[in-house]
């Protein structure tokens, strides 16, 4: 099995190192990841400047671009083979509900899926990298046990509680929850007296009920949400079609 | 009516200028847009640095950030009121099918929708700004005629053919089409001999049949696709839930 | 006379607009300036990515690069003629003493000088653009009256007090003063709890005695310092040469 | 002895790794360097955004900023002591003549010197890192043998031929040479048809005669140029003072 690994925290992050170490025994792995932290990058692609690919001492490739750039470049010319799986992460902190729209971790996996390759995004439920090796081992278990469960290609969004390996329970299938709107922007002044704005924290959860990814993680369970990328709103499409007819 | 206008081509682009000029007679408008071209920015948010907001001579506000940053900052503290509508564009070139995932134009509208506000992304079907004033007038017509058609909030993705105003026909409701995978990355050398990679062009259309946005635009019609943002794959969720039970 | 105008505050800044307006009646001018604020850019050149040049509605060209990039691109291929003079500014705030090393305004002029063209960097003695039109008119006077005084090429660093035109006195020739070391870095936390560092303010003046640019400006006079760019330390060179002999 | 080490090729570059390894046995070293390649950064300072400092597995600190930012942050608050020496490099390729104005390697050392600390910038005479370990050992020799030769503080610019250690001769004291103006900008098109400009190569040497850094390196000798940072042009100052009197 050949696995392409990327992330949005950058190729130096503990999460991608743990994931690569956990997957190396079961697959031919290649890491192509951003040269620095690109959290919040979503599916952004660098169209107005060229990218460069370099190789670090540990064999990881790093790119001066976004997570999507990394997977895109790997799949459209850099690699001379087609991976069997694209995995992304393990992200520092959760990617659940609406957050998935902004997530570079999910975007890296999405890019693989757009090329017809099964893809899994892994995130830890809490920030700080605690128990990251356990999360990586658990991620490997999920790949080994469930990668044939769904018809290929699929796109899975996995959030793993920060717990010791022994306390990690079998995953549950979830839908994405929803958040309330984001907290206000944080106004401040830079040291030269100029007004600046920091993006504020995400909003509180609005739909975190049973069946959601928020609910699963809050219950100490690993959440797996199968994703799709057709944004068409089918119900509204019918309404609109009638109105425009 | 209060309308917030943004885009991804930057606040100087002809598209946003034409759109603002067309909407000013029918609404109180405010423009908050990126300081430079951010095409391909998707829903990326700037989390690791502060943003600054400046006002140009024509009254437009510009932000050193992404389209999503612009709408986010406007809605979470910069504006002291809640707009009735968020519009984005008019983009230089189409945003159809899978391209919507990467589009900063669509992302700006999506950010408004995430805050519960009706939002419309406008794009021209071909690059080059030809007939941009006609497109802007047509965009106004769509807002005036159809903004009450769907229950609020909604998120519409509109692609307008580059045609004289007289030749623009009533819009049709569409679903998103699909593309084949992207063309290969373009390898080159910079003048110092370093290997560089340019992201290649999008793939050819795979699903451009009747009912799609690709089909509508190819037929010379304005396409309106209602979008939603729940990426959960419902069918696969059932399969996975059974497998994990 | 043909004059190339650049700056480091960006092509939209009031200072470059005032300067262009003041010089247009006496010369064929062309403006090639950064697309956004590049204060503190020093002589930095963009070597790892290509630059693009766009033209604004008012005829100004803007470049997604540094002040040095702008003048470099203009002089090595963009312009089909060789300007008689390169001017930079008018900068928002002073560029005196050691600050000249960091200044993008001075760097833009330096780049012209490196190509053998007389070059003048203009800055206002205080921040805030007060009396910028007076400063621009005064800058024109200096060019008209003194541009033949020194053998070409020369590189002049001019700081103009923020005063009404009637109160601006004839300029004085000065040497660069010196500052004490910079104030401490400002530690803070971003809203996500990450430690961040802001570069602190410049240090107090150490050599601001009579004859320096600091002294002239503090006395309400316009300061003109002729600059050179050979950094060789002649005295120490002799000492070192003996030691190594 | 406490030595602060920085560079402009980024903290992962072979040059800084070789230099740190060579100096660790003779001093307490700390490395604070840019997170990525910042060649051509000159003395640029990041004033409009905060910086973050992270520590790599090997103990090196890296900063999302310029070489000058790195030394500035280290000396104004990050380090709780004052280093005895600031060294920069070893740069990939030469920094001689006018190139020193653009060099981030020289700028990092200059920043130390501005804080009153002896500082040395090291570069290799040719690109490609050949014999980098020999260059690092040779750099250590220079520090050990000559760091007391000049009164502190001083600022030295050292260029070392890419040769095996045994072939490296004692250094010679030099003045900076001069180059002819740079080669033309390189016009190209990006894959989307947009015109782009790459900064071209430096010009040929104009003053590379005996006594210059160019001459020394061409003769296979290590060049040491003592630098100063007062850009005042003394001769022209007298001329101008008379004209303005």
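Note that the chains are named A, B, C and D in the order they appear, and that numbering of residues resets to 1 at the start of each chain.
We adopt the following convention: a contact is a pair of C-beta atoms (placed from the backbone, for glycine too) under 8 Å apart; a residue touches a chain by one contact, two chains touch by 3 or more.
Everything numeric here is computed off the predicted structure, so don't read it as measured data.
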Chain pair with the higher count of C-beta pairs in contact (B-D, C-D): C-D
Homomeric contact chain A-chain C: same or different residue positions, threshold half: same
Inter-chain centre distance, chain C versus chain D - centres from mean C-alpha coordinates, in Å: 23
Chain centre separation in whole Å, for chain D relative to chain B (CA means): 45
Residues within chain C bordering two or more other chains: 47-48, 50, 52, 190, 192, 194, 198-200
Touch-based graph of the chains, sorted into line, ring, star, complete or other: complete
Parts of chain A lying in touch with chain B, wherever the complex brings them together: 37, 39-48, 50-53, 66, 68-69, 72-73, 75-78, 98, 100-102, 104, 107, 110, 114-116, 146, 149-150, 154-155, 170-176, 181-185, 187-188, 190, 194-200, 224-234, 236-237, 239-241, 243-244
Residues on chain C engaged by chain A in the complex (per definition of touch): 48-50, 52, 186, 190-192, 198-201
Of all residues in chain B, those that touch chain C in their complex: 12, 35-36, 47-48, 50, 56, 64, 190, 192, 194
